[in-house]
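Quick notes on the structure that follows.
So that you can tell them apart, the chains are marked A, B, C and D in the order they are listed, and the count of residues begins at 1 in each.
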Amino acid sequence: MKRVMAILTILIAFSAASCLEAKDKKQSYKIGGVFAITGPASFLGEPERNTMLMIVDMVNAQGGINGVPLEAFIEDSVGDETKAVNAVKKLINSDKVLAIIGTTRSGTTMAVIPIVEKAETPLISCAAAETIVNPVRKWVFKTPQLDRHAADRIYGTMRDRGISRVAVMSATTGFGSAGREQLQNLAQTYGMKIVADETYGPKDTDMTAQLTKIKGTNAQAVVNWSIVPAQAIVAKNMRQLGMTIPLYQSHGFGNIKYVEAAGSAAEGIIFPAGRLLAVDTVPDSNPQKKVLVEYKTLYESKFDDPVSTFGGHAWDATWILVEALKKAGADKEGIRKSIENTKGFVGTGGVFNFSKTDHCGLGPEAFEMLVVNNGKFVVLGQ
Amino acid sequence: MSFASQLLQYTLSGITIGSIYALVAIGFNIIYNSTGIINLAQGDFVMLGGMIAVFFHNTLHFPLVASGPIAALIVALIGILFERFAIHPLKNASVITLVIITIAASILFKGGAMFLWGKDAYSLPSFSGDEPIRFLGATILPQTIWIICVLLFIVAALVCFFRYTMVGRAMKACSYNKRAANIVGINVNNMVMLSFGLSALIGGIAGVIITPISLIEYEKGSLLGLKGFGAAVFGGLGNMGGAVAAGILIGLLESYSAGLLSSGYKDAVALIILLLVLFFRPGGIFARKEVQKLKHY
Amino acid sequence: MNNGSDTILAAKAVTKRFGGLVAVSDLSLDVRHGSITAIIGPNGAGKTTLFNLISGLIRPDSGTIFFKGERIDTKRPWEIPYLGISRTFQNLRVFHNMNIIENVMTGRYTHSSGGILSCAARLGAARREEQKIREKALYWMKFMNIDGIGAKKLKEVPFETQRIVEITRAVAAEPELVLLDEPAAGLNITETKNLIDTIYRIREIGTTVLIVEHDIDLIMEISDHIIVLDFGKKIADGTAKQVRNDRKVIAVYLGEEYGKQ
Amino acid sequence: MKKYLTTSFSKSAYVFTGAVILMAIVRNPYHVGILVFLGMNIIITIGLSLLMGYAGQISLGQAAFFGIGAYTTGILTTKLGLPVAVSFPLSILLTISVAFVIGIPTLRLRGHYLAMATLGLGEIVHIVFNELIPLTGGPSGFGNIPLIRIFGIELDNDYKYFIFVWAIVAIVLFLSLNIINSRVGRALKAIHKEEQTASTLGVNTSRLKLSVFVLSSGFAALAGFLYAHYVTFLSPGTFSLGFSILLVTMVAVGGMENIWGALIGTTVLTLLPEYLRFFKDFDILIYGIILISIMILRPEGLYGIKIPGFLLPRSKKGDNE
């Protein structure tokens, strides 16, 4: 019987812990955040978490929302579906949050969608994939621009520059393969011919083999769709192979650190991104300018770390949620409706116009084509 | 780019990446020979080497010549401490228990590195510049030549160490027969500790030299560890020459299949060939029957 | 190829080499049905190798081995016990991850047939079979005078009892031929006496005993037939009396004695 | 009377009853959800325990079988619209066929070579999940896997699913306990200690090792089936080498030589990260420290660890299984 008892003891401790949860009576608006704070996507999740907590502090410092303080519950998904599912369940059922921001990765968002739909809890995702909001799900929103729009802008820029034969490189991750799919789908629309379509593992340390193959084709440009550090390695490898055709990256290139990591090989890389990365070169007339400067200043002074577009997605998501809370209070359906009716919200990613049929709210114009110039992001001149 | 020079480029790429696998595989073998265990934290020694070098060079602004060796030595020290605190106390533990401890250590090293340096990828400047060297239509980076030279140097040094030094011979004796080694007066405990130190040192060096070309982040170790393990097994566990050859062979296989077949399946192609070899030669491609030790879990 | 109906095991010109070492060389021998046959010889004479050849763990380089007229040197090790041969080992191979009765029950493997699925479901037949295995194991433990300790772990009983457990496991298979590899090693005088008694009783139930042993007194006492090996070759063959007086045997044993100095 | 209380049937029944009582106490869907995942993990580790602890063969490819089970039922129900009743046997069947075919050459290897081979096979399966985009959705995965409907009841909440999963845990436990207390179980233990000796007892060692390998893959596929219809979304990340290693660690932490060890180890390592959420970013460090401490202090696993007496209800007699 000892064995059974041993197991029982562990389980009793577990159930005791679940009953002992702090039952906070203080009135507050509870919101949850699920980010890949550790694990391979942590460079995305960490700025998102930082940004969300920063905003919660800001709101509370100003006396909360209509006098009610905001309380954030942050969970780490490690970028893993099972962990994300557990985290979202914890937030909804144990912490009783009104809405959730996250998750970081597309896969984890897809995995938690059935849960938030069933629990009727609004979710604002910081993940890229278009499938999150297409088809539209009642309770699910997202703030990052769509992959399709990124591909649109890349191909558009290429067409303007007379490029028609393109080599595609992508990582075998959710982000990479979604981008690859968009590039394939849109190629015809823009009159592009994909002359090479290569992939690599997210942790590979060398891509010269794939690039050598591309070098053997008549490609006029390379598009690489992946997340760090592969983006820097591709640039370095191209430099090594003496490839002179331009390198386009996806909006995953949105952190100046990758430029540092790639060194001089990063010069001339063209990529679509929210305007956040090139705040200095955004004209004052742009409606986003004020928000961008504000976020950049706040984030960089608080965390002593360069701002990234990923944190920007959380900035947009959190403020949209705060606005919704202002209007609807502690009512999930009210919050949902309020998010859905958000119009003209100026965020770091663009100007958001949500609707019943559009739960992303951004168009291709949310992207600006940037280029790396002397180790800095600069808006690409025509 | 002509097909011939493309082929040459694949070969060079394969050798570059394969040399790294070979270095990791050598580390696996050193510990395997003295303890019979596979140290699944071997890849994390590589990661630590790179990270610590980055810390000394980029943060403390030590010159590169100093940062690299300091980093490698610190990793060696970490290896020794790891053995003293986590492996040594378990006198009669089974192989699987020790392997699980190395898994736990790997988690700990990763966690520690993430805690200290965050999750970003870092780079070091190349030792001799970034200007690629042209060679029959293919290119090679000066850093690649460094990697290959370091590999050759380490292999040569190890051969001398095991053949001509007392300590090296003692370690070798332990790998053949621990009890006999003990009887002739070799302190087996110290040899195990030394093997962890040595293997961590080699891991650390590997970390330092690859960082300029492949960058380093706290999770980099797992994949390299995996490939190194593959190379060590492929070459026949405990066989240094086999490890080097197998490491480079895996690198070449990956590079050729990425270039000539399908980049998505390149790892699968390398693995399938590795498995086929194992099925026909269950002790690895370079297994010699006499030295083939079958350690049970 | 049967050498008369009373021969249960026959080896014909068996040779086995390990690298450069010839462990068994051109060896032929007959074991009579129902006998206690002993194989003696100095260390390295090839005794254990011979056992391993008979039980199929290794294959001869040349020569043949017959059991009840059936050729067995080409069979796999797990097929041998089904024919009616079981064995013990010189270095005591009992299973420390099982208690004593379970160790004995493993000896009944060849007499049961439940596959992994029927064992998992444990429906009627498998349940009855398990019951029968347990009863038989208890019977053989009683036969060997070790009843009542079935639930104990091996490390809880003395070495000598562990040896008896191993022998019990072998006889529980109800073999026609049992190979005992140095069963008296490490036993004191009383224990050896008990062992002798046990071996007689095994023979009484009709089992042929083939035994390798260093204890010459024991061998001389119990054996019907003795085969003497040296460097893998048979140098003498006969009753205890014949062998005792064989000059070659004396030379080998004395030589070994002096050689050791 | 005592005899009836210690049969594998009653032991499995205790586990099931205990789990249901626990659910009634816990109630919170988050905790119930974790216990659902715990149940799935236990199904896999029981199989792995048979393979590792009893037969002495390691597998670092268990996540792949888990994945084949999950993907097969997922693809059959979403892409082909087959009912779950059809996809269930097919997913198990496909997985064990794969295990059978690759088990034949693989199980000839030993020790670290076997570990590497199973690891390699697991990685190959993982790559296939990534690359067979039309079927698997590639790295992005695919969703909308239908729920299970059993006896007219749709398993659409955590409580129902909990009961379903733990009923299966009890069945798997029952079958496995039966095996270890049978001729096959004893033969496996014999193989673990002395493969050669086992063969002299009449055990066809390679065939039996293969049978257990196939059985453990079947259990993993079963868990995969349960996973697919619970989470309703699949992507390759779930079925990576990391999960295979975690499973082996669970078995080793609990104590390899006993099925109950697998239960304990799996419970500890499944629940631990949930407790460690409290530590935020430090969790990975603390997890590593706890794991390393367990292995150093209890190298043979947690099973059989002495529980402080006051935690145990008084029992008159020790259980001597």
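Things to note:
Keep in mind that, in the parts below, contacts are C-beta pairs under 8 Å (C-beta built on N, C-alpha and C of every residue); 3 or more make two chains touch, one makes a residue touch a chain.
Just so it is clear, the structure is predicted and the values come from calculations on it, not from any experiment.
Setting chain D aside while the other chains stay in place, the touching chains form these groups: A, B | C. Geometrically, the chain at the heart of the complex, using CA-atom means, is D. Summarising the inter-chain layout, the chain whose CA centre lies farthest from the centre of chain C is A. The centroid of the Cα atoms in chain B and the matching centroid in chain D are 32 Å apart.
Chain A and chain C have Cα centroids lying 72 Å from one another.
Centroids built from CA atoms put chain B at 35 Å from chain A. Computed centre separation for the pair chain B/chain C is 49 angstrom, with centres defined by C-alpha atoms. Residues of chain D in contact with at least two other chains: 130-131, 281, 284.
Looking at chain C, one finds that none of its residues touch two or more other chains. Annotation for chain B: residues 114, 222, 264, 267 touch two or more other chains. Across the whole structure, chains are in contact as follows: A-B, A-D, B-D, C-D.
Chain D makes touch with chain C in their complex at residues 8, 175-176, 178-179, 181-187, 189-190, 192-194, 196-205, 208, 211-212, 215, 257, 320.
Of all the residues in chain B, the ones that touch chain A in their complex are 1, 3, 6, 9-10, 12-14, 16-17, 20, 114, 118-123, 125, 130, 132, 134, 139-141, 210, 213-215, 217, 219-220, 222-224, 254-256, 258-259, 263-264, 266-267. Those residues of chain B whose C-beta lies close enough to touch chain D in the complex are 32, 38, 40, 86, 89-90, 93-97, 100-101, 103-105, 107-108, 110-112, 114-115, 222, 226, 229-230, 233, 237, 264-265, 267-268, 271-272, 274-275, 278-279, 282-284, 294-297. Of all residues in chain D, only 11, 14-15, 18-19, 22, 25-26, 28-31, 33-34, 37, 130-131, 133, 138-141, 143, 156, 158, 231-233, 235, 237-238, 260, 263-264, 267-268, 271, 273-275, 277, 280-281, 283-284, 303-305, 307, 311-313, 315, 318-319 touch chain A in the complex they form.
Remark: chain C residues 55-57, 76-78, 80-82, 86-87, 89, 93, 95-98, 102, 105-110, 112, 114-116, 119-122, 126, 129-130, 133, 151, 169, 173 touch chain D in the complex.
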